[in-house]
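Here come two complexes built around chain A, the first alongside chain B, the second alongside chain C.
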Partner chain A sequence: MKKTVIKIENLVKRYKDLIAIDHFNLQIEEGDILGLLGPNGSGKTTTINCILSLLSFDKGSIEVFGQTMRPDSYDLKRQIGIVMQNVAVFESLNVYENIDYFCGLYITDKKLRKQYVEDAIAFVELDSFRKFYPKKLSGGLLRRLNIACGIAHKPKLIILDEPTVAVDPQSRNKILEGIVELNRQGATIIYTSHYMEEVEQICTRIAIMDCGKNIAIGTADELKKMIKNSEKISIEMTPVSEADKKNILTLPHVYDVSYDHGQLLVQCSAGRHNLVHILGYLQQHELSFGRVYSELPTLNDVFLEMTGKELRD
Partner chain B sequence: MQVFKAFLKTARKSMPHNLMYFFIFSGIALALSFSSKNPEDPIFQSVELDIGIIDQDHSTASKALSQYLNTMHQLSLMTYDKEAILDQLFFRNLDYILILPEGFETRLLLGEETLFETVQIPGVYSSAFVDEQINAYLNTLKLYLTADYSLNDAINQTADTLSQTSNHVRVLELDDKKSSSMNGIYYYYQYLPYVIMSIILCGLTPILTTFWEPNLSKRISCSSTSALSRNLQLAFGSIVYCFGIWLLFILTSCIFYGSELFTENGLLCIGNSFFLLPVGVGVSLIISSFAPPSNRINMYNNIITLGMSFLCGIFVPQQLLGEQVLSVSKFLPFYWYIKNNNLISGFSGETFQMETYQKNIGIQALFIAAIFAVALVISKYKSERHST
Partner chain C sequence: MFLHEFVYELKRVLRQKEELFWVLLFPMILGTMFHFAFSNLSNSTEIFHTIPVAVCAEEKKENQAFFQVLDALSQTKDTPFLSVTRTDWETAKQLLKDNSVRGIFFAEENVTLTCASLDSSDVNSTLAIEQSILEAFLKEFLSNNTVFTKIVSQNPEKMNDILSLMDNRNIYGKQLTLTESNLDNVVQYYFNLIAMACLFTSFPALQIALKNQANLSALGARKSISPNSKAISVAAQLLSCILSQFFCLTVNVLYLIYILKVDFQTSLFMILFTCFIGCIMGVSFGYFIGAIGQLSEGTKMGILICTSMLCCFLSGLMINTMRSLVKSICPFINVINPTVRISDSFLTLSIYGINERYFQNLFALLLISVIFISAGCLMIRRKTYASL
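Up next, the complex of A and B:
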């Protein structure tokens, strides 16, 4: 049986009248890559800050590795690595010195630390930049340095708070590959982002947050199965009559039909051969059409159906 | 000691910048200390006047007076000719004419008041100076005569007494090797608060600000190094840094003033200056706790150091500051530092007393405690605000 790494129960955090986290519950098992997905202001960073005891909370409990997390829980903190949303490194120290400094806050053994720092440099592929000062690094390299500073002490739990914000696609892929590799090496990971593609790509479980609440949790497939929409079919064609729309709506699994900007949009619930049925109808009634797209639901659709708004609103 | 090491590395990076400040500020302090004179010293310049003497008495006393004046002025003996006298004064060939009438000595021995006549150029202040010298001579002579000295003895004693007074003045003026060196030390230490404060604020504040930059501070707070350990290491780093700066300035003063610095007064100056360090660290802590951007740090530094320097009597002597300014500056630690420096140097005219020195040090210590208390309150308030 997997160990529970983090257990959050009924967490409530208020800023005067604003409820930032509203009775939030979460359990993270060892070896998970948990994606905390939600739009800006949904409470992701606040939750992370509460887990790290950087913020006090009004109600609820947080346990990390089976122990209550407090500001002075230094033994627990030793097992946690944090990669902040904003790059937090010393401008006056070079790449090596920065990683060594942050690693040294956890690891006192000099020899071991040296090894760990070298490992971290190799991991983020900054070997040829070790003497560079942060000012000389590009945005992507700076993000990699930021990650190296957070993971150099080989923590069991790594929290990455939107580490790919404002990063070029190449560096983003490197970072995502790195996170998966860290997980493969045994680290449990919490990954917050509002980029659903990233979360879907690397996370084993996803928690969707909105207005401080945990509105759904599960694997990407589990989340997609929670919603009615399982296939979205778009067909480029000339305007469709109301009668045809009504007829399409009667086809199996079709629950919504609309026409907008030269496209017929058909929403289907879970079922087989949806596209075949629709194309059959169009041919049968000699309705000419152009390109046809069939999309499976995304996490954005999940979020849209659950909250009535887009993830990136 | 990871935080301490990072502190030193950050300090090392700003070393060239700080050394530049050190050379500029110490250069200014030394230049001022070597060029300045005590602003409270009266500016005195003895004037040699051309005096004409008409001695109608030709007595021992009248000749003695002429001889006395001859030691200080250019004398020319004249006969009484009213037109010649006026011409000499009109064409400024003479500044002052002294007429010692017949019976001068007799009237002197009788103790009469009016003994001589003078003809002067109206509105010339130097004439009053000669009047003073003649009066001083005659009064001293009369004193000896009253004390039953014979006229010759009285004349000799008067000459001795006045020459001693004169010599005494010359001792102060000529034995300037020692006094100017000591004055240099006082001036150096007078300007030291401004210099040390500037360097500490320019050097230490950016380092501390780096550590309290919100993102870095947050990341460091997540680490397994305790807050107490981190703060102690930062405090240790600050102490080492500031002590190094102080030592550098003390060594500079050692190089320039040598053994004079190791006299009682010199050591008192050093002791007094030591209290500038915690003041600098405390103020630096307060500024850095707001994590201001670097351009604003310089602005705060200038306002604080220049403001305190002007208000507390570093650039303008405390004796020349107005009552209202002084009543404000009493609430600033530099005021008490300068008060002590004035006490040691005697610039304020106050006699040195160890109790007063210690009292002023004590007041500085209280200010230091108050500054650190404010810094702690701000730090506590900020950390509570961040965690709620």
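Up next, the complex of A and C:
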């Protein structure tokens, strides 16, 4: 049976009249890569700060590795690594020194620390930049340094708060691959982002947040199954009559039909051969059409259906 | 842990070029400017130069006594008091007009002095001083001449007594020096300069406060979640900062003493010891400002620069008489102004040596430092925040 790494119950955090976290519950098991997905301002970072005991909260409880997290829980803190949303490194220390400094806050044994620092440099592939000062690094390399500083001490729990913001695609892929590798090495990971593709790509479980609430939690497939939409079919064609729309709506599993900007959009619930049925209808009624697209639902569709708004709003 | 923080803080501070500029280079540049601006100041005001004068009188009407005195005063070995040009009245006037002489003595029976008229702007000039000297000289001569003439005419037998009396003229006032010191007034500017440099050590200390508070910087947040006591971490950083800044101040003092040849009239050890106390005060001041509230880094830096410059201004860095002015209007400002305390410590050392006033200044500086550091620690001791 997997151990519970983090257990949050009924967490409430207010900023005067604004409720930032609203009775939030979450349980993270050992070995998870949990994605905290939500738009900006949904409460992801606030939740992280509460877990780390940086922020005080109004109600609820947070347990890390089975113990209540407090500001002076040094034994717990020793097992946690954090990669901040904002790059937090010293401008006047070079890459090696930055990693060594932060690693030294956790590891006192010099020999072991040296090994850990070398491992971290190798992990983020900054070996040829070890003497570089942060201002000489590109945005992507700087993010990688930020990650190295957070994980060099080989923590059991790693919290990454939007580590790929403003990062080029190549560096982003490196970072994502690195996170999966850290998990493979045994670390439990909390990954916050508002990029659904990233979360879907690397996370074993996903919690969707909005307005400080945990809307849904599960694997990507489980979340997608929670919504009605399971296939979205777009067909380029000339305007369709209202009668044809009504007829398409009667086809099996179709629950919504609309026409916009030269495209017929058909929403289908779970079921097989949806595309075959629709194309069959168009041919039968001699309705000419161009390109056809069939899309499976994304996490954005999940979010849209659950909250009535886009994830990227 | 302490050593780890100490070493890395040392590296950080000594690599911060902007901060090093203010503590290391700026005082050197300012000191060099002082050197060039003030080096001739004491020479021009304190070293006596021979005063050129013209003397004219019609033949056979010359005042023999006056001419004898002029001859005596213009023929001394070292720097003669007067350089005398005997000429006619018209030539003398031309010489005066050309500023070749400072005055014309018309030396017949009545001796008179003619000088060039002065503008209000010349009141404190060398010319005005020289004219005053000539006027005083003439008054002295006329007074003595009158005395001699009267004695010769009324009691000629007492002439010898009078001459011996005048040779042994008694001065009833006595000049006493309180110290062995012979301090140049210009050195006061250098003392204020070092005091300013001590205050500038507050800049890196401000960063220590900022980088240890989770609500002020991402670095602060990262450090706050590390498994270490904030008090130990901050103590190591402050100590490191004090030592690195003291090193910079030492370089400054050595530059002033050995390169610019500033004579502080006290031992190097005492100067450096006072700098060390000043450095503690500066660092604690910066730490205190950095710990105040949730203001941005730019705002805090602005407050720090404004406060530092105000303290320096009120201590007399820009205007030498400012400290006296503040003392007469609101003496309490001088009591709490750290720059005044540091500068006064140097001044006390150089004039009186180590005395009660010196220790009072040191005590005040240490007390201010303790208050600043305690208040700073109280403000950043918090480990959880209501908002970040």
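To be clear about the criterion, the second predicted complex is superposed on the first by the 313 of 313 C-alpha atoms of A that agree within 3 Å, B and C clash if a C-alpha of one lies under 4 Å from a C-alpha of the other, contacts with A are read in each partner's own complex, and residues count from 1 in each chain.
In the analysis below, contacts are C-beta pairs under 8 Å (C-beta built on N, C-alpha and C of every residue); 3 or more make two chains touch, one makes a residue touch a chain.
Bear in mind that the values here come from a model prediction, so they are computed numbers and not experimental data.
On the superposed chain A, the two partners chain B and chain C do not both fit; they clash. Within the superposed three-chain model, A:223 lies out of touch with both chain B and chain C [touch as defined at top]. Of the two partner chains, neither chain B nor chain C is touched by A:190.
Within the superposed three-chain model, A:34 lies out of touch with both chain B and chain C [touch as defined at top].
Legend: residue contacts after superposition of the two complexes on their common chain; A:149 is shown touching both chain B and chain C.
Once the two complexes are overlaid on the shared chain, A:102 sits against chain B and chain C alike. Using the contact criterion defined above for the overlaid structures, shared-chain residue A:86 touches chain B and also reaches chain C. In the superposition on chain A, the residues of chain A touched by chain B in one structure and by chain C in the other are 52, 54-56, 71-72, 74-75, 77-78, 80, 82, 84, 86-90, 92-93, 97, 101-102, 104-106, 149-150. Across the complex, chain C is touched by residues 15, 49, 52-56, 71-72, 74-75, 77-78, 80, 82, 84-90, 92-93, 97, 101-102, 104-106, 108, 149-150 of chain A. Of all residues in chain C, only 1, 4, 8, 11-12, 15-16, 214, 217-219, 221-228, 383-388 touch chain A in the complex they form. Of all the residues in chain B, the ones that touch chain A in their complex are 2-3, 5-6, 9-10, 13-14, 210, 213, 215-216, 218-227, 386-388. Across the complex, chain A meets chain B through its residues 52, 54-56, 71-72, 74-75, 77-78, 80, 82, 84, 86-93, 97, 101-102, 104-106, 149-150.
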